[in-house]
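Each of the two complexes below includes chain A, the first together with chain B, the second together with chain C.
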Partner chain A sequence: MAYKPQFGPGTTAVAENRRKFMNPGYKLQKIRDVTDEDVVLLMGHRAPGSAYPTAHPPLAEAGEPKCPIRKIVVPLDGAKAGDRVRYIQFTDSMWFAPCHPYLRSYLESWRYRGVDPGTLSGRQIVECRERDLEKVAKELVETELLDAARTGIRGATVHGHSLRLDENGMMFDMLQRRIFDVKSKTVKYVKNQIGEPLDKSIDLGKPMDDKWLKAHTTIYNMNGGTAFRDDKEYVEWVQRVHSLRTKYGFMPME
Partner chain B sequence: MAKIERAQKLFLKSLKEKFAGEDIAAGKTVYKRLGLAQSPRKREFIKEGQAVALARGISAYDPVRCHLGGIPLGQRQLTSYEVSTTGVFVEGDDLHFVNNAAMQQMWDDIRRTVIVSMDLAHQTLQKRLGKEVTPETINEFLHVLNHAMPGAAVVQEHMVETHPALTDDCYVKVFTGDDEMADSIEPQFLINVNKLFPAKQAEQLKAAVGKSLWQAIHIPTTVSRICDGGTSSRWSAMQLGMSFIAAYHMCAGEAAVADLAFAAKHAGLIEMANLLPARRARGPNEPGGLKFGAFSDMIQTDRKYPHDPAKAGLEVVAAGTMLFDQIWLGSYMSGGVGFTQYATAAYTDNILDEFTYYGMDLIKSKYKVDWKNPSPKDKIKATQDIVNEISTEVALNAMENYEMFPTALEDHFGGSQRASVIAACTGLTTAIATGNSNAGLNGWYLAMLLHKEGWSRLGFFGYDLQDQCGSANSLAIRPDEGCIGELRGANYPNYAMNVGHQGEYAAICGAAHFSRGDAWSLDPRIKICFADPSLVFDFSEPRKEFARGAIREFMPAGERSLIIPAR
Partner chain C sequence: MTEQVAYPQIRIVPARLLSPSTIERLLNGICDLGKVRRLVLNGPRLPAEVPYGPAKGIPNPHEGRKTIKVKGEDVPLQVQVGVIICELPNDQVIPEIKEICDRVFTEFSYQIQKGRFMKSIPTTTDYARYGPEMDETLLGMTDVKGKGCPIIIQGGK
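Right, the complex of A and B next:
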């Protein structure tokens, strides 16, 4: 029987959202349009339209050694061209942002080739060859994985994921990379992810309302959302993982 | 499992003070971005930084220009911190060890300490040299030794010596398990086990030490600062040897002196911490070689508050996170300032205290553990099911408190802070309930997994290493794979490079013993040595001492004002 991934335990909407986001068979809902140029500007690695800086010559010219593994693993376009490895990094508010660090790493591992996710508490980075990264980043920014107010695109000074929201419902950002435009009621990025001012603002649209956020979030939080203890199946699964690991370490012959 | 409601959260008062005028349960605030001016300490830093730059002609502290190209700290509230249970609110900066003399002295007092047996030396004197050793000679020797140990001459002519006022923290006392022998020692030289410990603990300690006589030696703070931890045994051994020569009228060069030196440097020596492997580049008596059991013995809260193992554990957490996170990993191994806030979360604002006492209520109500009367009798059998049950409830309760009080979450703004606190209350509760340190560690790791799954985040990258494979080594005791908690230490393989863990591990080890009413965790001699009220730092009240340091009321040792121009 072919292996059918289950993507994780749990009986709640939070667990179901996690499974959906990880499942490459599920098409992530697109909720905003961001141009390719704006994605490049938000990341701030190169000027839009400029050539991709390279870290090595194109593979075709590199004279690669004969190697069966190289035949099996088809290089990404960026690897073929010798692109640098660059990154996009997100900060997700614990106040019901749609996506959260470990889930980001899991879903990126399920959905994209050639990515290197790194998971922390307040931020999650994904690195990739630059031209491939831009495609990945576009999906991460345009879809339901990102809420304009509760998700931040932040390369440094990420502080804010656990702080109270500001009066507009925005996650705190020390650098104020994005502002809430009271007139349009949309969130506009005025600085790139590293905090350098942009020549033009990039509008990511209206923040999603609380109802949407709580329906799409992937964090357990009893304060208005789903308490982790209420997902018995999930908690018991964690206990089981822990018990089996403990037992194996204690008496591995069993 | 039924959830226990605690009517009065211990952290509410702190949060109300920190976030004055705000609803601490509200999820929104106005970020006024008041910058550095919010903090008296930052204002002081700016003023002093300007004075430093002016005086030396080289730029110095200049946050307005240098922080993020002109965006200074304080875009959010720069809050104060209550050092837990002390009622003392301090600036975060005051808890960096550079700014806190009490923190420095705590580590100084450990690093400059060795314990040396007198029995081997007495055997050499009696059996090899035929000299008489009596209470009178021992007392005379201790007089000579307390003259010599700070750096004074006892045998030779035309010697330089150290200034007594610069080394006034250096002294030697002795202890024994033999009441009769103790009675014959002059009180000034005796660590009196009967007076310092509750009766039951004293009996255990005396039985363990027996008739042996041990010297608790504290070399000058200034010496161990200028040299290193490895100096403590060398300095002490030299002065011991010279004092024996003087007190027992020996020949300075006779072969028996080598026996005395060998006893002082090796055979009869108890160091506070082991030598580290070359890649760590540290000698003995440096923090990386400290065993968790030994560290929990150094902290004396269980002696002073024998009916509160939770408090005893929390004080070990505070002392341990300060030493292991702030000083060892944060400075010896890494450098910089960031590690301070990993550590302070565990001993400020009564948050960990609240979560831990919730655990105490739980084990009392559900498992009938009378935790206020420590005893091995009512400890719960540490089955996996019970460890899981207790750990799950305590960890989930902690998470829920962060969720219900957004200001608590904001206070512990980093995942590593929360991970340590959530796992610490879980580990402490499980250890206290079972009286088993490894069960406590096992609870710690379940808390980590629950945290990670519940919030889809944990700490910084290092938590991936240690806490996701921790379950598997928590009950292993095979070499290179595991060890009983008391014998693990800061250089235990998986623990060697990750902040936010080691102090709590030491506390979990200690808590298992505090809850059983044990007088010590690993070594009764270390327990007795640090009970000494003559030490500069009070090891029974680390948090109070840190608070005194923060508000600049702690007077440390090793000061140089005597030999420098007045400012």
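Right, the complex of A and C next:
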């Protein structure tokens, strides 16, 4: 019987959203249009339209050794061309952001090849060859994984995920990379992910309302959302994993 | 340790981080009472320059770091205000402050907590900066290691 991944336990909508996002068979809903140029500007690694700087010669010219693994693993376009490895990093507010750092790493591992995701306390970074990263980043920014107000694209100075929101419902950002335009009610990025000012603002559209966020969030939060303890199945599995790994560490033969 | 008179202190905690215009309205309301001894604004810092990362050192324009006017005095905000701590002469002022909060915080909720929230004992750093004869009303009013000073609201006198 073919292995059918279950992605994770849980009976609540939060657990269902987690499974949905991790499942590569589920097509993420696109909720905004961002141009390729805007994605490049947001990340700030190179000027839009410029050539990709390289870290090594193209593989075709590199004279690779004969290796069966190299025959099996098809390199990414960026790896073939010798691109640099670059990153995009996100911060997700605990106030019902659609995604969160651990899930980001899980879903990127399920959905994309050649990425190196890393979860830290309040942020999540994904590294990849530059031209492939731009495709990955475009999907991460354009789809339901990102809310304009509760998710931040932040290369550095990420503090804010656990703070209260501001009066406009925006997550705190010490560098104010994005502003809430009161007239148009949209969120506009005015700085790139590391805090350098952009020549033009990038409009990410209107923030989603609380109802949408609570229906799409993957974060358990007893303050107005789904409490973790209410998901009995999830708690049971977390406890089971915790118990088994503790026992295994103590006495592996049992 | 010096003996201190324990004036009542309250902490106003709004459900949202405040914009400069809201905090200006709130502070003007509170200062209009003329009954608050000391007041501290707390919140996450908004530095003038990017403090670290690849863009370290470049200017950091931020809408939250504005200079507001409180009873005619310029108050340059250095934080996005999330908590307002007030020291009061007596408990009777609390309902009056609550009334002001009700008037200002119309879009979101807030809490007023009573307790001891300001620094009460000088640290070694306080001693190094202010010396042994320090004015205790300055205690905890500003970052001891920073260059800033507390602002005295004259109330138009």
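Criterion: the second predicted complex is superposed on the first by the 254 of 254 C-alpha atoms of A that agree within 3 Å, B and C clash if a C-alpha of one lies under 4 Å from a C-alpha of the other, contacts with A are read in each partner's own complex, and residues count from 1 in each chain.
In this text, a contact is a pair of C-beta atoms (placed from the backbone, for glycine too) under 8 Å apart; a residue touches a chain by one contact, two chains touch by 3 or more.
Not measured: the values here are computed from a predicted model.
Enquirer: Assess the superposed three-chain arrangement around chain A: do chain B and chain C clash, or do they fit?
Expert: Superposition result for chain B and chain C: clash.
Enquirer: May I ask you to decide whether A:L103 touches chain B, chain C, both, or neither, giving the answer as first, second, both or neither?
Expert: first
Enquirer: Determine, for the superposed model, which of the two partners chain B and chain C contacts more residues of chain A.
Expert: Chain A has more residues touched by B than by the other partner.
Enquirer: On the A-aligned overlay, A:I194 touches which partner chain: chain B = first, chain C = second, or both, or neither?
Expert: A:I194 contacts chain C only, not chain B.
Enquirer: Touching A:G249 in the superposition: chain B (first), chain C (second), both, neither?
Expert: So A:G249 only meets chain B here.
Enquirer: Identify the partner contact of A:E167: answer first if only chain B is touched, second if only chain C is, both if each is, neither if none is.
Expert: A:E167 contacts both chain B and chain C.
Enquirer: Identify the partner contact of A:G155: answer first if only chain B is touched, second if only chain C is, both if each is, neither if none is.
Expert: Second partner only.
Enquirer: Go through the superposed model and pick first if A:L59 touches only chain B, second if only chain C, both, or neither.
Expert: In the superposed model, A:L59 contacts neither chain B nor chain C.
Enquirer: Once the structures are superposed on A, label A:I179 by its partner contacts, choosing first (chain B), second (chain C), both or neither.
Expert: Touch status of A:I179: second partner only.
Enquirer: Have a look at where A:V235 lands relative to chain B and chain C in the superposition and call it first, second, both or neither.
Expert: first
Enquirer: Hey, which part of chain C ends up inside chain B in the overlay, 25-33, 97-105 or 115-123?
Expert: The segment of chain C occupying space taken by chain B is 115-123.
Enquirer: What is the shared patch of chain A, the residues that chain B and chain C both contact?
Expert: The answer is residues 157, 159, 163-167, 172, 174-175, 195 of chain A.
Enquirer: Could you list, by residue number, the parts of chain C that touch chain A in their complex?
Expert: Per the touch definition, chain C meets chain A at residues 14-19, 22, 44-47, 50-55, 58, 60-64, 80, 82, 107-108.
Enquirer: So in the complex, the part of chain B that touches chain A is made up of which residues?
Expert: Going through chain B, the ones touching chain A are 26-31, 68, 71, 75-76, 384, 388, 392, 396, 399-400, 403-404, 406-407, 409-410, 412-416, 418-419, 442, 445-446, 449-450, 452-461, 464, 469, 471-476, 481-482.
Enquirer: Within their complex, state which residues of chain A touch chain C.
Expert: Listed in rising order, the residues of chain A that touch chain C are 155-157, 159-160, 163-167, 172, 174-176, 179, 194-197.
Enquirer: Per the contact definition, I'd like the list of chain A residues that touch chain B in the complex.
Expert: 18, 94-95, 100-103, 118-122, 157, 159, 161-167, 169, 172, 174-175, 195, 218-223, 227-229, 234-235, 238-239, 241-243, 245-250
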